[in-house]
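Both complexes shown next keep chain A, but they swap its partner, so chain B is in the first and chain C is in the second.
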Partner chain A sequence: MGSVYNWQIGRSMEFPHGQASPEEQFAFVININRCIGCQTCTMACKSTWTFSKGQEHMWWTNVETKPSGGYPKHWDVKTLDKLSEANPEGMTWAESEAKGRRNPYGEYQGRTIFEAPDTVARGGSPNRVLGYLPADEEWGSPNIFEDTPSHGPSAPMDFGKGEELDDQGSKHKAWFFYLARLCNHCSYPACVAACPRTAIYKRPEDGVVLVDQSECRGYRKCVEACPYKKVMYRGTTRTSEKCIACYPRIEGNDPEAPGVPLETRCMAACIGQVRMQGLVKVDEDNVWINDRYNPLYYLIHVARVALPLYPQFGTEPNGYYIPPRWVPIAYLEQMFGPDVEAAIARYRNPDRELLAVLQLFRRSNQIIARYDIEEGPKVYETERFGEKFEMYNDTIIGFNRAGDEIIRTQVEEPVFVRPAKHANSI
Partner chain B sequence: MNLEAGFDDLAWFRGRQIYLQACASCHGVDGEPVADAVKFDDEGYPDPPRSFVKGIFKGGMEGHQLYSRIMKGMKGTPMPAYEGNYPDDAVWDLIHYVQSLARAGAQERAELRSEAIVATRVADLPESPTDDQWEQARGAYVGLAPLWWTEKRIEGLVVRAIHDGEELALRFSWLDPTQNDRAVKTEEFRDSVAVQFSLTSDPPFYMGDPSKGGGVNMWLWKADRQTDLDGGYQDVDAAYPDRAIDMYPEQEYTSVGKDIGEEWPKGAIDTHRARYVTAWGAGNLVADPTRSSSVESLVASGPGTLAGLPPAIQLVQGAAVYTDGVWMVQMKRSLSGAEGEALGQGRRSFSPGDYIPVSFAIWNGDARDRDGKKNISIWQRLVIE
Partner chain C sequence: MKFEFDPLLIEQTVAGAIHGDRKLEARFHRLVDPLYRMEQGPEREKLFHQGYLAFFTKMGLETPLTRLLLEHPILDERIGRCIARRAPRVKDETAELLVKREIEVPTPSDRTLRVRISPTSLISPDVFEPRMRREIFHIADMVDDRFAYRREQIEGLPPRQNLIRDRYRVLWDVAIEGRLTRRELGDARLTESLRKAVRKVFGFQDEVRACDTFENFFGLDKPTHGQLFEFARSGANEAGVGDAGESSTGGGPGAPCPLCGFPTFDWFLFPISPDPKTLAQITQAHPQWTPESGACRQCAEIYAAHGQAAPGAALISNQ
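On to the complex of A and B.
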């Protein structure tokens, strides 16, 4: 076992393969507040990659409803259950002296899925990573419990009332939210750690994690180990497959924009405009290098509104979520770590720059390498949650890898009102 | 402790009496543990009671070893200490009773010994694993040990070897109460058997080592491949016969000469383009639905180095029968393994008079065995007569 640095848990941890970091890292942000669960991403992926025989149950990207849903069924509850067995003291976090890019959320004091060998050994399987193999029927109904709110106060799924959406003090008793998921192309992938054949690898150029289809022998150790359950077994070939991050698009090989990286199919297809994907620079410890005007760097490390999914698993996932502001904080802290409350506060009263960067979502299919803001006039002012909120009609400009301008948009989108005589024409 | 007392019918009766009082609630009235008696160790992990009939004791089954475990308990586990509860001669009666629970020969079988397997020369080789010709070869029992403990371990196998001067045939038979011969669903794992030949007369470490001459050649049979060959390739249609599917867009349902007709869209795998059956398209032998043998020939020089030989030199043929809880698996290959060409890299060749280190492994699909989770033997000797 080697020792690696995991900035999401603010400390070093055990990992079988030792420290390595890619030149650039695939990462994405999903704004849960805006996801309407339309499954367009799901179908974009399905119709691109998993339409063949033996892939019927495979949804490399999917949208599930929390807290009741999950694909495979109860994947996170089951993993959390295993992990709490390894953490009888609880999965607790400690404040760090000086928070920075190396430890923005403090320090996780529990054990990760790589650090519980005794719990793994009790499971009777010779595995390196704490996990479980989902049962066949758990893959079968990906959207069961869809749109089911949390139960009443006496039910086991009661997590309390939702949070305030406005500052009128009204709380909704019932709540749920959509969680869109894909492979997190983790910096310390559990699938890579688990494969006895080293048939799974993390690409040095962009950190994309791939199963080598010519080397896999179908042991399903990766399916068992991945805490997000994003490696899937294909009965037709007796081997396993996973999300490939649409790597031909990332490599700039798509005819839509030859030579510059394009976002994945699931990102580009998002009609709710809740997704943004890109490439970020990391140092030798996989800590993000300051890249101030990369929109992902800004959202995660400057505005700090997007948080990793289950950082306590320890894989350093590269999928980040802007947490839903109507959900009980305790539930979200388990899912996104201790910084949830602050992230929501920053998101619901966005400052001038954040409001501008949020306009970048889905204005282009090309990966935005850098943005620039041209200041505009103040157009609105109010008070929200006891704080002043000001809106400026700034212009934000996005540039691709080649440095070309690909988008230019304003905080206040131009509105065109169709004249009455054309009101119903197409 | 007092000296060991004698054991007679009266002592057996007293031993059983104490056993029923003190032990049976967890270890079972017949020495097979009570399924729901699982207790937890000091760290809160489940720690099921051991079976007394299988002949494998955690700290040995000698009288003095059992004595100290009964008197002192097992620290950290749910096994309590009985010191002071019974007089010493009563404890000895209990020990003798517990020892008497082990099935006859269980302890001896569980010990791993090295056997000589003689490949007898005969005029005609058997066609199937149940042919009478197999009776001409003397069977050797080879004990197996699970690399990871499981109650569903395979305790051993009987190996027979035979040759006719041209081809070598091996037959493996073992007891397995469940036939696992499909691996389509995520949770399905198959029964398998493998034999490994050292490439030199001095066997390397298990699965070979990276030194010169440290390589091994393995013949690996898998039950699902056998069933694929005997009854047609098992695909999702076999596992989910009632599933609904509109169409597979990559399927060659319009192509000339491939009339799937009413079977469309559930047509056989060869009506699909290999490029979309990804691992097959990538040239992975594991995923090839058109393979012609249930046995794969592989080479290794240390754990993690296992690699299948190229399809062109996959020459081992397999056959198998499963009846009444017994697998009988036959493997056959030419003695030279070269089919007239120069000997390929990593393949073991055989000639009369050879004395070859061999070892065996069995995977029990029902125990989710795969990769290193298997039952293995120590090195044995194969003598080519």
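On to the complex of A and C.
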């Protein structure tokens, strides 16, 4: 068992393989506040990669309604249950003195899934990773509990009342939100750790995690180990399959934009414009290197509004979420870690730069490698949650990997007035 | 009785049974790993099935089912074949008696017992056994001359038919639970819920009479179909009883379609000999499929359409 550094939990941890890091890392941000649960992303992936025989149950990306839904059914509740068993003292976090890129959320004091394998011991010997194998039927209903709120007569689970949505103190009695998920192409992938044949690997160039189909022998250890349940077994080939991060697009081999990386299918298809995906630079400990004007770096490390999903699992997932404002903080802390309340406060009252960067979501299919802001006039001013809020009509410009401008937009949405001669026509 | 286990059921049961047991996994993979190097096709499929079957038999994974069947020696005398299919979910597990319709006095070879079992059940039979035991008890009654089961002509309006069918079902369940209890295989909670069910379906009876009804049927050692049916009709002007022994197609309302995997309430009833072109299309994509596994209406239509279209369609389903 080696020791690796996991910045999301602010400490070193046990991992079956040694410390390694890719040249660049695949990562994405999803703004939960704006996801409308339309499932366009789900279908974009399905119709591209998993429409064949034996893949009927596979949804490499899916959108589930929290707190009740999940695909496979109750995947997170089940993993959290097991992790709670391994952490009788609780999954607690300690404040750190100086928070930086190596420990922005403090230090997780509980055990991760790699540090508690003995919780699951079958056939006499402990597993390499704490996990469980979902039963066949758990994969059968990807939309189960869709749009079921947390509170009300038909609620299967009750996680309390929602949070204040505005400064008038109005609270919703019932709440739910859409959680769009795909493989997190984790820096310390549980699937890689569990495979007895090293058939799963992380690409050194972009950190994409792939299953080598010629090496897989259907042990399903990866299915059992991945805490996000994003590896799936295919009965017709008797091997496991997973999201491939649409790698031909990431590599820049897509005919749509030859030579420059394109965002993946599920990102590019997003109707709600809530997804942004990119490639980020990391050091030898997988800690992000300062890349101030990369929009993902900005959202995660500067504005700190986007947080990893279940960081306490320990895989250092590379999917980040802007948490929903209306959901009880205790629930969100379990899901996104201790920084969630502060992240929501920052998002609720965005500063000038954040407001500009938020305009970049889904403005281009090409991956935005860098942005620039041209300052504009102040157009609005008010007070929100006891704080001053100012809006400037800044212009934000996105550049692709080649340094070419691919998008230019403003904070204030442009208004187009139809000329009188077209007033009554389409 | 000859046994036939669905290859998919065998495969999933073995996979679940060995998962996590290092020694068994190593033995199993020594057997099947070389097959991964073969080209996809029927020969590779056959060898995989043989590998899984060998483990299934060696590990005695059929035992939870065969043990239950041995509780009723009459089943072996009266039924020629038992086919065990995979139930997609535990709650879809059933046992059904299939009898050739046109035959007046069936012989064992005209009778087939079809059970649907979820792969997890054969690995951990604690939950499976009690429920399947009751399913199989119904089948044992049905083939017993003394019980004299027969299909009744259903007359009257649907609400009345449904009521009589419900009463018959509850009385039969009570008569089975009573016999199981005397064999020390009863379930106190189930008995209680049957007591309530009797009160519900015989709503016109007061509490004392409903209690008597329950006790009478619970105490019967040799119930007959006639007794149950006549009592179910009592209080009703029109009579009729449901098709309790008739085979149904598919996995029941809300069960996943075996072709697309989506839950469906709209099962397509395939004729005994479906159109060969449709059949060929389906079995090309799902070799284990048989008409009695059923399919949702959408799948049935899609495969029928592929069957009608010529070679291009085969390519679509082949991807």
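Criterion: the second predicted complex is superposed on the first by the 406 of 426 C-alpha atoms of A that agree within 3 Å, B and C clash if a C-alpha of one lies under 4 Å from a C-alpha of the other, contacts with A are read in each partner's own complex, and residues count from 1 in each chain.
Rule of thumb we're sticking to: contacts are C-beta pairs under 8 Å (C-beta built on N, C-alpha and C of every residue); 3 or more make two chains touch, one makes a residue touch a chain.
Remember, it's a predicted structure, so these values are computed and weren't measured experimentally.
Participant: With the two complexes overlaid on their shared chain, look at chain A and say whether chain B and chain C clash or fit.
Facilitator: Because the two structures are overlaid on the shared chain, the partners are seen to clash.
Participant: Report for A:T395: first if it touches chain B alone, second if chain C alone, otherwise both or neither.
Facilitator: Neither chain B nor chain C is touched by A:T395.
Participant: Who does A:N349 touch here: chain B (first), chain C (second), both, or neither?
Facilitator: A:N349 sits against neither chain B nor chain C.
Participant: Is A:Q19 touching anything from chain B or chain C once the two structures are fitted on A? First, second, both or neither.
Facilitator: A:Q19 contacts neither chain B nor chain C.
Participant: Please tell me which partner, chain B or chain C, touches more residues of chain A.
Facilitator: Greater contact footprint in residues on chain A: B.
Participant: Taking the superposition on A as described, I'd like to know which of chain B and chain C A:P88 touches: first, second, both or neither.
Facilitator: A:P88 sits against chain B, while chain C stays out of touch.
Participant: Examine A:T237 and indicate which partner it touches, taking first as chain B and second as chain C; both and neither are also allowed.
Facilitator: Both partners, chain B and chain C.
Participant: Using the touch definition from the top, say if A:P134 reaches chain B (first), chain C (second), both or neither.
Facilitator: The first partner, chain B, only.
Participant: State whether A:T198 touches chain B only (first), chain C only (second), both chains, or neither.
Facilitator: first
Participant: Between 170-178, 206-214 or 278-286, which run of chain C pushes into chain B after the superposition?
Facilitator: Superposition on chain A puts chain B right on top of 278-286.
Participant: Considering each complex separately, which residues of chain A are in contact with chain B in the first and with chain C in the second?
Facilitator: 51-53, 56, 122, 124-125, 133, 135-136, 217-220, 235, 237-239
Participant: Would you mind writing out the residues of chain C in touch with chain A in their complex?
Facilitator: It comes out as residues 8, 11-12, 15-16, 19-25, 29, 32-33, 36, 40, 48, 88-90, 118-120, 256, 260-263, 285-286, 317-319.
Participant: Show me the residue ranges of chain A that touch chain C in the complex, using the header's touch definition.
Facilitator: The contact residues of chain A facing chain C are 51-53, 56-57, 120, 122-125, 127, 133, 135-137, 140-141, 217-220, 224, 235, 237-239.
Participant: Taking the complex as given, what residues does chain B use to touch chain A?
Facilitator: By the definition above, chain B touches chain A via 43-46, 147-150, 183-188, 224, 235-236, 239, 243, 245, 248-251, 269, 272, 276-284, 286-287, 289, 303-304, 306, 368, 370-373.
Participant: Can you name the residues of chain A that touch chain B in the complex?
Facilitator: So the residues of chain A in touch with chain B come to 51-54, 56, 85, 88, 118-119, 122, 124-126, 133-136, 139, 196-198, 212-221, 223, 232-239, 241.
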